[in-house]
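Here the chain labels run A, B, C and D in written order, and each chain numbers its own residues starting at 1.
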C-alpha cells in the first residue's frame, strides 16, 4: 500500500507526508524523482532519514525523526512553513486517519476521553493542502472499519479527503460516496465492502490490483 | 536646532529619523555613541551617508539616500521593518511637520489639492513610536505658523507629538498645551509666541538657550 | 529525490501575463526593483494592469515605464513622492491610485502569502486612511479590517537564486520582495546570479523556492540598476 | 554610532522573571529549545507561569522540567503527543492547556511581534477548535478572529549571536524562535556562539538585534541538546 501511495506523487509536486505510515512513502520514490518534500517544522527538500549515530541534532522532521537535506533545501520559521500550506503551495498531503467519511471528512487528531494530545499541524494540512490523501489500515486494531458514512470523532477538516490508500484497496471519495478504484493483490471487492462501514461503488470493469 | 535635537537621543535608543531635516541629526552624534538607527525600507544600524561615487547601489535609506552599514547592522523585509515600529521597539522617531496642534496632533503627509503623494511609513511612525518628536522650521516658507491650536490638514496621527524642535525654540506638548522649554540663542519668548498660533506657557524661571 | 528545475527565459515567463492582470512588483526605490522583467512587460504590452508596488520609482525608471506606456489602470502603493509623472497621471484621473500605510501594505501582502484572510490593525484608525474600511471590535477595542492582498503575478528581483527558485536578497534590495514572492500563484524571479543547486546555504535562503514558479538569470546588470545621481 | 552591547549572564537575565509571568519558549522538539535558560528558570523557581511553546518536549527534557517542578499553571501549545507526563497533568486538571493549530499559534505570535491586533483565519472553522472564538464576516465569508499573542518574556535559542543581539539559527532549530523573539518586551537569547559585532553577515541575520534585550553565550552544549535515542 505504501508503494502504491508513492505512485500518487507526480513529478514536480510539493508534498507533505504525515507522521506514521505516510512518512514511509518516501522510501518508494526513485532517487532522481523531482519532488519537493515539506515538513511543518520548517524545511523543504527533505532527504533520507538517519540513525541517531549519524544525525544532526538540529535537523528533525515534524515527527521527530532525524533527516538530511538535499541540494537546494531551505530552512524557515514556523509561520513561513504554514504559509506554504495555507497559501496553496502544498500540492498533496498524505495523512493518517482514525476515521474518514464518505463525504471526505477526516478525523485524525482526537479520541475524546482517550487521546487528546492536540492537533499540531494536522488541521491546516487537512484543510488547506490542494489534495489530501489518506494512508491507513482499512480497519483499526480491534477490526472496526475506519471508512464510515459519518465520522463519530471530532473532525480535522470536513470534505477534504479525495483518495484513501489502505492495505485492502484504493478508494476514491466521489460525490456519490466511496468508490473502489484498485484492489490489493488477493483481496475481493466483497472483502473491502465487509471492512467498510458505508456503501462502496464497485465498477463493472475489471479492477486493477496493486 | 539640529544639534539640539541630537541631544534628545539617549544612549541605547532605537531611533528612526524621518526624511528631510531629521536625517541630518545623525551628523551631530559622536562616533562612538551607542544607538541603533532604523530605516523603514529594512535596516537597523545605519552608518554615514555616501556620495553616489562610493555608494552601494543596493543600500539606501527610506529617503533614497545612499548609506553604509555599521558593525552589527541587519537587513530585513518591509513587514519586519514595521514590526519594529508597531511592536514598540522604536524608542524615538523624529519627523518633519506641516502642522502640529497643541494636543500633539501631527499633520505631515498631505495638503489636499496641492500635495498628496501618499503617507509612506509616516502614519505608523507617528502613531506607534514610543516617543514622537518633531523637527521643523517654526513657520512655513510664507511665514505661517506650523504650531497651531488645531490642525487644518489631514492628520498623520492624533496626540502623538511630545516635543518640537524648531529654529526658534524647544516646545513641549503638555496637558495644558504648548510649553516653551528652551530658546534659540538671540530669540525672545515673545518672538516664539508671535510665530505660534496657539497660547504658549512661558516659565517664570530663566529659559535655557541652545 | 531531487528538487525540480524552474529556470526559464524572460520572454517565456512574461508571456504568461494577460491583459487585466494584477501584478506585484518588488522594490523600494531602485534596490530590489525587477527592472529587466519590467522592461520585458513593456515589450509584451499587456494592458489594464493593476500594479502593487511600494512606490512608483522615479520618472523614467522602473514601473514608470509601464505608467508611461499606458499599461497601468490602477496602482496600489504607499507613496509617489519621487515620481512627479505618476502624481500627474493620478491628478488627471488617468491612473487610479490606492494608498496604504507602508507597513500595512507589507502586512496585507504577507497575509495573502500566508493564506490568512485579513489582519486587524489600528494603524490610521483616526485618519482619513480609515475611510470606507470595515471596523471590528475585539475586547471592546475597534480595529480596521485590512484584507489580505494577492495578485495574479509577482515580479521579484533577487541577488542569488538556485534552479529550484530559492532566493537570497542583499542589503535594502530585500524590502517587499520576500513578501510578494509568497503572495501570487505565479511568481517570477529575476536573479543577478543563478548558482547550482546546493550552493545556497539552506539557512540563509530568504525566499524558499517552494513559493517560486520561474527563475531567470539576468544576462546583464544594466544601467537601470545603477546608483541614481540626482 | 555603535550598536549597544547586550551581553548578560544567564543568572542576571533569568532574575527578571516573576511569579505569574507568561513566557514564550522557542523550539520544536529538541532543536531550538533553550535548554539552559529553562534549567536556570527551574533553579530560579518562579511559579504560576503561563508557557507558550509548540510542544511539551518529552518526559525529562526541556519544559518538562518546569512541568515536573510544578511551576507551570497554563500551557498554550499545539500538541503534547510525545510527553505522556504532560498529558497526565492535563487530564488530572493540574495543568491548564490551550491547544492551537500549529500554524495559527505561529501566526498569533507573529501578530504579537508585528504589533497587529489579530488575524482573521478560516483554519478549523468547522471543527471544535472554533468553539468560543469570535467570528467576523468579510465580504460574506466568515472568519475566526485569532488574537495576537504576546508574553512577558521570550526565551530563545540561537546558533550564533552578536553582542547587539542579532541572531542566526540553524536547520530546523529555527521554528518558533524568530517569531517569539519579536513578541515580548523582554527577549532573552542563549546562543551557542557569540561572535564579535560585524562577524554576522547583515544579510543572513534571522532575528535583528533590535528585538532582543539580552544575549548570553552558552558555557557548554550540554547533553540536553544532544540527539535523542528513542
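Everything that follows uses one rule, which is that a contact is a pair of C-beta atoms (placed from the backbone, for glycine too) under 8 Å apart; a residue touches a chain by one contact, two chains touch by 3 or more.
Note that the coordinates shown come from a computational prediction; the quantities given were computed from them, not determined experimentally.
Engineer: Quick one: report the Å distance separating subunit A from subunit B, using the average Cα coordinate of each chain.
Structural biologist: Here subunit A and subunit B have centroids separated by 56 Å.
Engineer: Give, as an integer number of Å, the spacing between the C-alpha centres of subunit C and subunit B.
Structural biologist: Inter-chain centre distance comes to 29 Å.
Engineer: Return the distance between the CA-based centres of subunit C and subunit D, expressed in whole Å.
Structural biologist: 32
Engineer: Spell out, as numbers or ranges, the residues of subunit C touching 2 or more other chains.
Structural biologist: Residues 107, 114, 116, 122, 169-171, 174, 202-203 of subunit C touch two or more partner chains.
Engineer: Could you tell me which residues belong to subunit A and also touch two or more other chains?
Structural biologist: 43, 69, 75-76, 79, 82-83, 85-86, 128
Engineer: Classify the chain contact graph as line, ring, star, complete or other.
Structural biologist: Its topology fits none of the listed shapes; call it other.
Engineer: So which chains actually touch one another? I want all the pairs, not just one.
Structural biologist: After working through each pair, the chains in contact turn out to be A-C, A-D, B-C, B-D, C-D.
Engineer: Quick one: in the complex, what on subunit B touches subunit D?
Structural biologist: For this pair, the touching residues of subunit B are 11-12, 14, 26, 29, 31-38, 43-47, 69-76, 79-80, 82-89, 128.
Engineer: Tell me, which parts of subunit B touch subunit C in their complex?
Structural biologist: Against subunit C, subunit B makes touches at 39-43, 52, 55-62, 64, 66, 69, 75-79, 81-83, 85-86, 116-121, 123-124, 127-128, 154-158.
Engineer: Can you tell me which positions in subunit D touch subunit B when the two form their complex?
Structural biologist: Those in contact with subunit B are residues 1-5, 112-116, 162-164, 166, 182-183, 185, 196-198, 200, 202-203, 205, 208-211.
Engineer: Going by the contact rule at the top, pick out the subunit D residues touching subunit A in the complex.
Structural biologist: 28-32, 54-55, 77-82, 87, 97, 99, 101-107, 109-110, 122-124, 126-129, 159, 169-179, 206, 225-230
Engineer: For the complex, give me every residue of subunit D touching subunit C.
Structural biologist: 107, 111, 114, 116-122, 134, 136, 138-139, 141, 143, 145, 147, 168-171, 174, 201-204
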